[in-house]
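Order as written gives the chain letters A, B, C and D; numbering starts at 1 within each chain.
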Amino acid sequence: MPSTLIALLHGPDRPGLVARVSGWIFEHGGNIIHADQHHDHEAGVFFQRVEWVPKGDTHAADAADFRTFAAGLGMQVQVSQSAHRTRVVLFISKADHCFHDLVLRWKAGEFAGEIVAVVGNHADLGALARGYGLPFHHIPISAETKAASEAKQLALLRKLDAELVILARYMQVLSADFLTQFGRPVINIHHSFLPAFAGGRPYHQAHARGVKLIGATAHYATRDLDEGPIINQDVARVTHRHGVEDLIRKGRDLEKTVLAQAVRWHLEGRVLIYGHKTVVFD
Amino acid sequence: MPSTLIALLHGPDRPGLVARVSGWIFEHGGNIIHADQHHDHEAGVFFQRVEWVPKGDTHAADAADFRTFAAGLGMQVQVSQSAHRTRVVLFISKADHCFHDLVLRWKAGEFAGEIVAVVGNHADLGALARGYGLPFHHIPISAETKAASEAKQLALLRKLDAELVILARYMQVLSADFLTQFGRPVINIHHSFLPAFAGGRPYHQAHARGVKLIGATAHYATRDLDEGPIINQDVARVTHRHGVEDLIRKGRDLEKTVLAQAVRWHLEGRVLIYGHKTVVFD
Amino acid sequence: MPSTLIALLHGPDRPGLVARVSGWIFEHGGNIIHADQHHDHEAGVFFQRVEWVPKGDTHAADAADFRTFAAGLGMQVQVSQSAHRTRVVLFISKADHCFHDLVLRWKAGEFAGEIVAVVGNHADLGALARGYGLPFHHIPISAETKAASEAKQLALLRKLDAELVILARYMQVLSADFLTQFGRPVINIHHSFLPAFAGGRPYHQAHARGVKLIGATAHYATRDLDEGPIINQDVARVTHRHGVEDLIRKGRDLEKTVLAQAVRWHLEGRVLIYGHKTVVFD
Amino acid sequence: MPSTLIALLHGPDRPGLVARVSGWIFEHGGNIIHADQHHDHEAGVFFQRVEWVPKGDTHAADAADFRTFAAGLGMQVQVSQSAHRTRVVLFISKADHCFHDLVLRWKAGEFAGEIVAVVGNHADLGALARGYGLPFHHIPISAETKAASEAKQLALLRKLDAELVILARYMQVLSADFLTQFGRPVINIHHSFLPAFAGGRPYHQAHARGVKLIGATAHYATRDLDEGPIINQDVARVTHRHGVEDLIRKGRDLEKTVLAQAVRWHLEGRVLIYGHKTVVFD
């Protein structure tokens, strides 16, 4: 596959936007290989993902020119290059299922990015990370050390030029300050239930309540206390025959697949964030 | 199929319960055709559904004897006869999707019961109900008339000897008093979302929030304000390509299938209520 | 919603197609409200569905002009108007589940078309069809009368100007001659199993084989003996607890939802047929 | 959890079987903790899985006695002890997704058994196997060496006292002779499509055919050329937006989860083989 440019646009809808965008690419000698747009008629907003092969070796210049062009249309735009391998850092704790799953998918070539480091607030998975050839950074965190630990994490992320953080069952809440200072996307995974539960030991609560479905949700972490824009969700059916251990095991499987799909979409430039929601060009 | 007895039992677990129950049936000349039991080891509770063909025409006597026997084991028990056709009353409002679906499934022979009447707080679906050959009772209800209207409903249910009420998108909350006085099961269906929403126009809220899954939950109505024991749940996947109208249409389909399955299980004596949850012997 | 034009295009891929198409619409004063395209890079084929509001009341003229324009691009094209209500004829036999489901969805406003008549090779469902206010035509068919009966069907379809035939569990194979002479789309629904079975009583065979999934497939009927282009498929999980009757019931539910979704997509101009396959712009 | 006995029974159905079995256990001081039975009324066959805690340390004696007892009822029976860790050997080739998935689930404690060795017809995954602390045996196989290679495999399996072989994308057909001589269960995983395809490169064929669902099936390998008794199946939805690579990736995910679930059920004594089918007591 030749190297492409991928643009994610959104802004006020008006006639001619598709023609203007595709016309610009055609006039610059580019060849569109995927384009998907969405018109939110209620909100009057236009969304587009367009991927094209530029003429010759003009990726950087075309990306800059396209940004100017799109801004002139009143659009917010992000342009990335398919040849660019997004630098990913995993934040983990003690649970290893999402960790193994993400690393193995990365090694199998499923992700358009590179895992460059692993950060753990516990040291338990350090040997496994190093076994995969990944640098492991143990940064313990407690109520008292939170600010200092987050400062260490931020310094590391800057040094690594991390472009995406994945909370792979990290089990710690990132402060609003951390998210602001990092200023780049953070993807989180958590369990979801119908109906929802507050408090700890959610699978025990779900079992006690006799729920028939358990779920998982992958979303961007945001400064607000509520969960951020949802990228992906899925559920599995359970019955009274499943004990708490079965629910936890099924939950692990959901967390793995839901998170991996969200990460894959993000790395392929398929997720456009708009207010509190996402548009996923899958 | 010969006529059977169906018992739903639960109580403190202890060794020998399965042997005692199956032994009793064998000694009384019965032939077990289905038996399913569940031991909740955490709570120390035994649950069983057992269905058998009694020897000869002894159904009523055997049912009574079995109740005494099970009580002697410390079990709560319900015994029903498969030949008995549970008398069902539908409560509806203006939406017709669950109404049509339930009536057509009943006519197709999918339900072990008889729909004996339809009650509407609006008259809109009266002609359709009568077109299906079903008596339709228009009992309007408003904040002022609620007590009087519920009294009318209760009188009707008693006159009809109704054994199950299905709220097929009835859109009114039954009072705790109504539920107590009726004293028999009431099954309700409502939409469910991940995350949950409060307030009106839930599909509009879900669309605005960008949810990726919409769901429906069938449950028994209870006196408590929160929803009662869950019988069945299901979800459907949605994307930004689906408008609010699509979400509502998909919601209708979920409501139909989730409610119909819950009703089928209830009528076949497969749902055992235990505290706030159900054990479904599907 | 204003009335729109919907074009389905496909042909040899080359740079600038999206720009040309959207440019043409813009220049003619149209406003694109949905556009979705797909590039099959292996086959070198471009597929597009584009829907737009023309300027003023120029639908018919713009449709004709667009056809000429698209042909000039080397594209095969179909253009329809959203205001046009496709004329649909249902072919049924004795099974009524898909029949009721389609008619009720039509009455609920789910379909962009009109059911104008019902044809049955048995008279069983005639009264129900008339109860829905639909003309019912009883055209019996047997091995001996097949040619004559199909001639009657064709005459009726021509008289009604039928644009789509839905085989809603019609249980008869249409001859290649019939399909050629009708010359318009015919959608069929049938059960599907993993692994596949030949011969009669498929649900009995599936039960005997212990399959864990049963399925349904909606496809266009074609002259070839094998099944035509697939529009939609779905499956349901079954266990040993499900008897043959349960499999048949679950199969009915699958057939209803899979067929209804296929019909909805077809009527909204979302299904592009390409060789033996479809591209569904859902 | 105390150590239990697990019996899988089947044979001609007749009244009193449940009472006889549970009575036997009760009389021997055992405590049933799970019991599930199924009556195939058409075939007249009784199936049961019963799990109980024997009185004291009498597992081996009780297992032997129960076998005699069940044979006396005309039942075929298998009795295993939950404390026994089934000895599992993985057969692999070059694909690593099922291999990693099974080993990591085993290490996470999801399987009631022990992986004791890995056999590969290629050496590619040897280092990874050893990295997990597993003995790896490279036994190349070709058309000419097939008999000799299978003899080596059989010798190894005997030496290891292997009780289950899992073909984790092994890509070689085991000879009928191998299966007879091994005489113990072999579980295989393969892709499944609706409709089915013959020949190579199945995902390419599925893509060319425009299938909307891809699937995977886990089954016992049998001497017959057709596939053996099905243990588990699942499907995933695909659209024209998914290229062949996406189908292959989704197929890998299906293969992993379908195979792991089948293995988990087998190791927990939940799968009863009966003729060409299975009864899974999940």
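The working rule: a residue touches a chain if its C-beta (ideal position, glycine included) is under 8 Å from a C-beta of that chain, and two chains touch if they have at least 3 such contacts.
What you see is a predicted model; the values in this text were computed from it and never measured.
Centroid analysis (C-alpha atoms only) places C farthest from chain D. Note on interfaces A-D and C-D: more C-beta pairs are in contact across C-D.
If each chain is reduced to the centroid of its CA atoms, chain A and chain D end up 36 Å from each other. In this assembly, the C-alpha centroid of chain C lies 41 Å from the C-alpha centroid of chain D.
Residue positions of chain B touching 2 or more other chains: 41, 241, 282. Residues of chain A that touch chain D in their complex: 96-97, 100, 104, 108, 110, 131, 241, 249, 252-253, 257, 282. Across the complex, chain A meets chain C through its residues 15-20, 22-23, 25-26, 30-37, 39, 41. By the touch rule above, chain A contacts chain B in their complex via residues 38, 40-42, 47, 192, 194-196, 208-213, 215, 217, 227, 229-235, 239-241, 243-244, 276-280, 282.
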